Amino acid sequence: MSVKMEQIGKKFGTFEALKQIDLEVETGEFIAILGPSGCGKTTLLRLLAGFLSPTDGQISIEEEEVGNRKKSVPPEKRNIGMVFQQFALWPHLNVEEHIKFPLEHHRFCSKMSTSEKKKRVEEVLDIVELNLFKKRMPQALSGGQKQRVALARAIAPSPALLLMDEPLSNLDAELRMEMRKEIQALHRLTKATIIYVTHDQGEALAMADRIVVMNKGEIEQVGTPKEIYTKPTSTFVASFVGKANLLKGEWQEDTFRPGLNKALRFNGEAVTKEMKAKGLYPVRPEQFQVLPSDANKEGIPAVITSVQYQGKEIHYTVQAEQGEWTVHTDMFSNFSLGDQIFLTLENSFREKEAYRRPQLVRQS
Amino acid sequence: MSVKMEQIGKKFGTFEALKQIDLEVETGEFIAILGPSGCGKTTLLRLLAGFLSPTDGQISIEEEEVGNRKKSVPPEKRNIGMVFQQFALWPHLNVEEHIKFPLEHHRFCSKMSTSEKKKRVEEVLDIVELNLFKKRMPQALSGGQKQRVALARAIAPSPALLLMDEPLSNLDAELRMEMRKEIQALHRLTKATIIYVTHDQGEALAMADRIVVMNKGEIEQVGTPKEIYTKPTSTFVASFVGKANLLKGEWQEDTFRPGLNKALRFNGEAVTKEMKAKGLYPVRPEQFQVLPSDANKEGIPAVITSVQYQGKEIHYTVQAEQGEWTVHTDMFSNFSLGDQIFLTLENSFREKEAYRRPQLVRQS
Amino acid sequence: ACSGETSGKESGDLSGELNFYTSQPDADAEQLVEAYKEKYPDVDVSIYRSGTEEVISKIQAEKEAGDVQADVLLVADAVTFESLKQQEMLLSYESEEAGAIPANFVDEENMYFGTKVMSTALVVNTENVTDLPTSWNVLTEEAANNNMIMPSPLYSGAAAYNLGVITRDDRFGWDFYENIEANGATITQGNGAVLKGVAAGEADYGMVVDFIVARAEAEGSPVTIVYPEEGVPVITEPIGIMKDAENEDAAKAFVDFVLSEEGQQLAVDIGYTPIREGMDAPEGLKTIDEMDVIEADVKELYKSREEDKGRFNQLFGE
Amino acid sequence: MNTTQPNKRIMPTRALSSMFHSKKLGKILALVAILIIFLVPIYRLVLLSFQQDGQLSLANYTNLLMDPKTWDVLYNTVIMVLGSTLIAVTLGVTLAFLVAYTDIRAKKLMQIFFVLPFIIPSYISTLAWTQFLGANGLYGKMVSALPFSLEPINLYSMAGIIFVLGFSHYPLVYLLSVGVLRKIPRELEQASRVSGASAFNTFKKVTLPLALPGIASGGFLAFLANLDNFGIPAFLGIPAQISVLSTYIYQQVVGFGPTAFERAATLSVLLGVVALLGIFIQWLLLKKSKRIETTVEDKKPRFLLGKKRIWIEVFLWSFFLLSSVVPFVSMGMTSLVSAYGLDFTLENITLKNYQYIFETSAKSERAIFNSLKLAGITTLIGIVLGTAFAYYRVRRPNKTNQFQELAISMPYALPGTVMALSMIFAWMEPIPGFNPGIYGSILILFIAYFTRFFILQVRGSITAVMQVDITMEEAAQVSGSNGYSKWRKILLPLLLPGILSGAFLVFLTALTELTVSSLLWSSNAETIGVVIFSFEQAGYSTYSTAFSSVIIGLIVVGMLLLYFIETYWKRKVGKA
C-alpha cells in the first residue's frame, strides 16, 4: 500500500511534535524510522494509523486522502496492522484470543473458516514462539512475551500496511534476531508495506529498504541503509547512525588536515560534500588507531574517560580538545581510565593510496 | 548492601518460574542479569524488592532474612530503588513530582530541606536530560522519555540497592550510551549495589562486575564479563552471550577436527574443558573466514541464507550441514542469498602458533 | 378528568370513569369503592390514595399543569377543603343525603360534606401508665415531662387543624402549647409515628387521632385512647366534587353513596365513628353525640393557618 | 496526482461529509431528548419560582432570601450534606479498600451486608438506630454495664442526622470505588513502596488519587442522596426542630395559599444550586484524575493483614451488625409481633402480618410485579443509554455533554416530592392542550424512575469508561474492529463491573422507591414503595415492616443465589 505524507505538522498544544514532514512510501517498501527519543516517531505512526489528525498537511493512502486537519478516515478502514510501543494488550483476553481477534474483524482479511483461523493462529504462535503460552493472560506474561503477543496480533491478518513501533525492544538479542528474520520473511511473502520505528540502527540498517532519520520532529535524511551510513548529509545523521566522531579541521580538496594536529593528513575521497563544506571529517569509532603515549608517534592527543568491555571489542570514550569521541578497539587493547593516548587513522600520511580498498575477506 | 539468595524457588500455580537460585551479591557490586525472554529475570527482581514471596528458600539482605515462604519485609523497609520494566509511572504526577516522591518518602534518604530536594531534582533531571519536560504528565511523554522518568525516580534517593529491569530498552543508542555512563558514574559515586536486568549482552559486558546468565528459571553461569564471554561453561552461555556457533567434531588434546571437514585442524588452547568434553568448538561470528566457492580453498561448505547490512559489518546467516551459523564480515564482502561459501578459521592449519596473540592496536 | 366519554347523563345506570382521590387508608377506600361499584357496576373507578398532603399537592400540581384529573376528593379535614374552595376548585352539589348530617359539618355552599368523625385525643401507653389521665392538662404536667409525642402541624394537615382549634379555645390558647413545649414535647411527622412512639414505649403520652389507636389496641398493642373531659378537636374527612369533574353524575352518585346510611354503615364496619346522626359508633370509640367537640370557624382557620404554623414554629424552634 | 482522479476523490469525501452531518444530527437529537426528559420538568419548576400571581417576578427570591429562616435552613443543609457525605465517603472508601486490597475472608458474603443499609427503607433504619441508641436500647444496656458512665447518644440532632445519613449512603461510595481500586495496576503501588512510601502513604498519595473517578462519583451520588433525603431529616430533625431544604420544601408544599407552590419551587431552585456545588466539586476532582493503564479487576489481596486480620474482621462484622443486621432484625421483629409495641415474646409472635400481605392483599403481589417490571426496564434502558452517554462524555468531553451531565444529575438531587410534582407539570400535557395519557398510567412512573435514577447508571458507567485506556480501543481498531464488535469484545468486558454496579444501584433504588411513586402511581400500578407507604400511613406498621421484610428478604435471597451460582459456575469452569 502506498503512503504519502505532505507537509505534515502536528502540534500538541504549543509543542511542535512534527514539522513539515514529506514522505512517500511505495507499495511493498520496508521503511525504518530512526531517531532519538522524543523525536516524533510514535507520533508519525499514530498519524498514519489515524489515531491523530495532523494539524497541517495531508496524508494519503493509495492516492486517497485519509487524513488532514479536518477529516480522518478511521483506523479500521485503513487496512493496517500496528504494534504499539506500550503493547496495548487487552487484559481480558488470552494470548490466543489476541491473535484471533484481528482474524475475525479485520475487514481486509479474507473471510476464514474456523479451522483456517485456528491454523493461522497456530502459525503465528509458532512465529513468535509462544505456543506454550497460548492460554496465558497478559498479566501472567513477561515483558518480552507481551511484546511478542503485540507483534503476533499485528501480523496475524497480513495487513497491507504494517506499522511497528519498536516491536523488538524488550527481546533478547537471540530472539530479536529471529524475529527480525520472521518479519523479513513476512515482508517478502506478503509484500506488505512496512513502516518500522526503531531506536536501534543495526535493526534499521539490516532490514529496511530505506531509512528515514528523524530529529526533533523533522526528517533529517531519507535514503537506503548504505546511503545513510556512508553518505550522511548532516552532522546529525553522521553521528547518530554512523556513530561517527566529527573531527574539525581544514579541507584541501580530498585531503583533510585535523585542527588538533596540523601535521597530519587524512585521505577524504569518500567524505560527502556536506561534511567538507562544514570543515568536518567523520571518523567512525573503529577507524581510529590508538597509540600509547609512549609510542612516540604522531597523532591527536586525548585522554581515556571511560572503558567498556564488549567481548570482542573494547569501547573507549576519550576526551580530546575538540570534545568527547568514541573509539572502538579489539579486545586486546589495554588502556585504563585516565591514560593519555594518541589517535590516528590508518590512511593518514598515505595520501596517494585509496582511502580503503575493498577486500574480499576480512582478516580480523 | 549485600544480598544473598539461597535455594530460591518461585512457582506461579504449577509453573516454575525460578528454580534453585543461589546467588550472593557483595556490597557495592554491579551485577547484570542476562537471559532470554521469559527466563525469570523480572521475577527475580520482584522477589528481591519484596513484591513476591519465594515459594522456596530464603532471601537475606545485609545478613538479615527479609523474605521466605512465610514472611516478607515490605519494600519500603528494604532501602531499595527500582526501575520497572513497564515503567509504572503514576498518571497523576508530573515528571518533577515523580522524582520528588522518593526524596520525600525514602526513609533511608537523609532528610533533605526543601531547597536540597529541589536541587537534587534538578540534578537528576539533568542526568536523564528531561529538564525541558519537568512539568509534563506521563501521558504526554514519548516511550523513551517515560523510561527515563522511571530511571530518574529510582536513582534520585541514591538507594543502597538499585534494581533495574531493562532500564534502557526504549532508548536510542546514543542516549543509551549516555545513560550507561551515568549509571556507572552513579555506581562509582554512591557505592550502591546494583542488580541490572538486561537483554543486551553489550550492556552487561560493559557495565557489570559480574554477570548472571539465566535460562529457563535457572542460573547457567555466574562470572566476570571476561569469564562469561571467553570461558562459557555451557553451550547455552557460549551461544547466548558470545553468540558463538558451536561446531561439532573431535578433540585431540588442544586440537579440534571439525566434523564437516575432517582435513581441517583448529587450535583450541583457549577452549574450556566443558566444551571439549562435549566435542564442541565455539566460533564467534567474526572469527570465521569466508571464502568464495571459486577460491578453491579448503573449508567447511555452507550456503548463505540471510544477509544483513550493518554499516561497518555485514551479518550473514549460513546453513551448514550441522545447522545454522552466524558469520560477521566487514562491509566489503559481497555475498548474496544462496551463494555457496567455505568457512575456515584464521588459526586453522597453524597448530603450532598460539590461538591468537594479544595485539596492542587493532589493524582493522 | 381527562378520561374521555361521559355516557351516563341519564340518572338510571351510570357509566364511564371516575377518578377518586383520597387519603383514607387503602383498605377502607377499596371497600368503599367496591360497595359503590356494586350499585353502579358500569362506573370504572380509579383510586389514587396517599397522604392528605400528597393528595392535595398532586391536585395542585395538576391544576398547575392545566387539567385537574380528580373527580371526587376525600381527604382529612375541612380546612383543606376550604382552601380548595377559595381557589374555586370545587363544585357545589346539594346532596339529598346531606340533611342527615349535622349542619356544622356541611359547607354552607354545599361544596364539601363531612363523612365521618375522627377526634384527636390522648393516647397512653398502658404498660407504663396505670393511672389514666382525664384532661389535656396532663401534657403540661410532670408525668409527661419529656415523655410525650405529638404530630407536627408543619407536616400534617390534621395536626395543623388541631393547633388552630385548640389555640382558639379560651381554655387552652397558645399558653397550652407553650406549656407543652416547656414540658419537653417531642414532635414527629405524623400520627402514625406518634402511635408507634407510644406503643414502643419511647414516650407514655401522645396526641393522636383516635381510630388508629382503637385499631392498634384491638390487635393487642399496649395503648389505649383517652377522651379528655375538655372535649376533643374533630376532623371529618370531608368529601367534595372537583369543579371540572368530567363524570359529574357518577361523582354526585358517589357523594350520595358515601353519605347514605349504607355508606355510613360501611364506615362503622371498618372502624370509624359515623357522621350521620342516629348511628352507633364502633367498639371503643365514642359517637359524635357523646363527644364534646372543640370547634372553630373553618374560614378563620383557613385564613390564619400559615400564621399559626409560623407561630408554632417559632415556639418550638430552637 | 491530486487533480487527475476527481471522481475517486470526491466520492469518499461526500460520504464522509454526509456521515459527519448525520453525526451532528444524532448529537442534536440526543440534546433535544435530554432537554425534554431532564430539563422540561426542571424548567417548569424554575419558571414557577419566578412567578407571582401569574406574573414574572423576582419576588419569591427576594422574599425568601430576606427571610432569616431560609439562611438557617441553607446553613443546616450544607452542614448536613457535607458532614454526611464525609462520613459516607470515609466509610465507603475504607470498606472498599479492605475488601479490594486485604485478605479478609468472606468478602462475597459481606457484599450483601454492604448494600443492606442502602435498601432498607430509611424510616426503618432510623427507627432501628433510635431504638438501639435509645434509653432502653441495646446500647443503653451495654453502656450501663460499663464501670464509667457514658452519655446516651441523642440521635434527634444534627449530629444524629449526619450519622444516620452517612451510614445509609456509604454503599454508594463503596460500590463505585471497590471496582476502581481493584483495577489500579499493582505496579503503581509497588513503585511507591520501593520509593520508600509506607503502605499508608502509598494509599494516600497513589491509590487515592488514582481511585478518584470512583470515589468522586460515589461521593457525588452520596452527596445528592444526602441532599434529597427526606425520611431521615424528617424523622430525626422534626423533633429537634431542625429544618433542612428537603423538609422545608415539603413544609411549603403542604402549606396553603397561593404562594405555597411558588415558594417550594424557589426553594427547590436553591437546592439545585447546592447540588451544583456538589457537581462542581466532583468535576474539579475528576479533572485531576488521570486515566490508568487498563487492567482487569485484580482480586488477589495486596495486603496481608497477618495477625491483625482477625481483629479487623471482628470489627467489620460488628459494623455490619450495627449498620445492617440491627435494622434488619428490628424490622423483622416488628413484622412478627401481632401488634405494634408488644414485646417480642413467644405469645406475641405471629405470622398473621405475612399472611395478611400474601392472602388478603392481591396488591402486594401486583406491587412486587410492577416494581420488578419498572426497575428491570429502567435498568436495562439505563444500561444502554447510560453507558452510551458515559462513553461520549469521557471520550469527547465538551461543553454540551458537560451541560447534559448537569441536567441528568438534577432530578436525582431534588427531593422526591418536588421531583414528582415536576413530573406532573411536565408530562400531563407535554404539549399544552394535549394529554397523551402518560400521566395516569404506569408510563409516568417509568419515565420518572428513568429521569431520576439515570445519573446512577451514568456515574457507574463514567467511572468504568474512565478506567479504560484509549489504546485498548486503538488496538481494536487497527485490528479492524469498530462499532459493534469493538464494544462487544473489548469495551463491554472491560467496562462490565462498573456498568453493573451502576445498574445494581438503579435496580435497587427503583425497586424500593417510595416518594415519587406515592405521588405518581395510579390504580393497579402501585409499586412496592406505594404499598409500604400506605400501610405506614394508615398506622399498620406491622404490615409495612412485614412487607419490607419480604422485599429485603427477596433481595438478599436473590443476591445469595447469584453468589452461589457464581461460585458454582467458577468451580465448574475452573475444573474444566
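Here the chain labels run A, B, C and D in written order, and each chain numbers its own residues starting at 1.
Definition applied: contacts are C-beta pairs under 8 Å (C-beta built on N, C-alpha and C of every residue); 3 or more make two chains touch, one makes a residue touch a chain.
In this text the structure is predicted, and so the values were computed from the model without any measurement.
A.B. asks: When contacts are scored as defined above, which chain pair ends up with more C-beta pairs, C-D or A-D?
C.D. replies: C-D
A.B. asks: Quick one: point me to the chain whose Cα centre is farthest from that of subunit A.
C.D. replies: It is C.
A.B. asks: Taking the mean of the CA coordinates per chain, how far is subunit C from subunit D in Å?
C.D. replies: Between these chains, centre-to-centre, one finds 36 Å.
A.B. asks: Could you tell me the distance, in whole angstrom, between the mean C-alpha positions of subunit A and subunit D?
C.D. replies: 54
A.B. asks: What whole-number Å value describes the gap between the mean CA coordinates of subunit A and subunit B?
C.D. replies: Subunit A and subunit B have C-alpha centres separated by 21 Å.
A.B. asks: Between subunit A and subunit C, tell me the centre distance in angstrom, where each centre is the average of that chain's C-alpha atoms.
C.D. replies: Here the centre of subunit C sits 90 Å away from the centre of subunit A.
A.B. asks: Enumerate the residues of subunit B that touch no fewer than two other chains.
C.D. replies: In subunit B, residues 86 touch at least two other chains, as defined above.
A.B. asks: All pairs of touching chains?
C.D. replies: A-B, A-D, B-D, C-D
A.B. asks: For a test of understanding, state which residues of subunit A touch subunit D in their complex under the given definition.
C.D. replies: 49-51, 63-65, 71, 73-76, 80-82, 84, 86, 88-93, 101-102, 104-109, 137, 139, 153-154, 157, 163
A.B. asks: Which residues of subunit C touch subunit D once you look at their complex with the stated criterion?
C.D. replies: Listed in rising order, the residues of subunit C that touch subunit D are 2, 25-28, 46-51, 53-54, 56-58, 60-62, 64-67, 69, 79-80, 83, 87, 125, 152, 154-155, 157, 186-193, 195-196, 198-202, 212, 215-216, 219-223, 302, 305-306, 309, 313, 316-318.
A.B. asks: Please output the residues of subunit B touching subunit A within their complex, sorted ascending.
C.D. replies: Counting only subunit B, the residues touching subunit A are 12, 34-38, 41-42, 85-86, 140-145, 148, 165-166, 169-177, 180-181, 184, 199-202, 205-207, 225-226, 229, 239-243, 284, 286-287, 289-292, 306, 308-312, 315, 317, 326, 329-330, 332-334, 346, 358-364.
A.B. asks: Report the residues of subunit D in contact with subunit A in the complex, numbered from low to high.
C.D. replies: Residues 1, 5, 8-9, 12-13, 16, 20, 294-296, 298, 469, 471-472, 474-482, 485, 489-490, 493-494 of subunit D touch subunit A in their complex.
A.B. asks: Sort out for me which residues of subunit D touch subunit C in the complex.
C.D. replies: Against subunit C, subunit D makes touches at 48, 127, 130-131, 134, 136, 156, 234-235, 238-242, 247, 250-251, 253-258, 260-261, 338-342, 348, 363, 417, 421, 424-426, 428-429, 432-433, 435, 437, 439-440, 518-519, 521-524, 530, 533-542.
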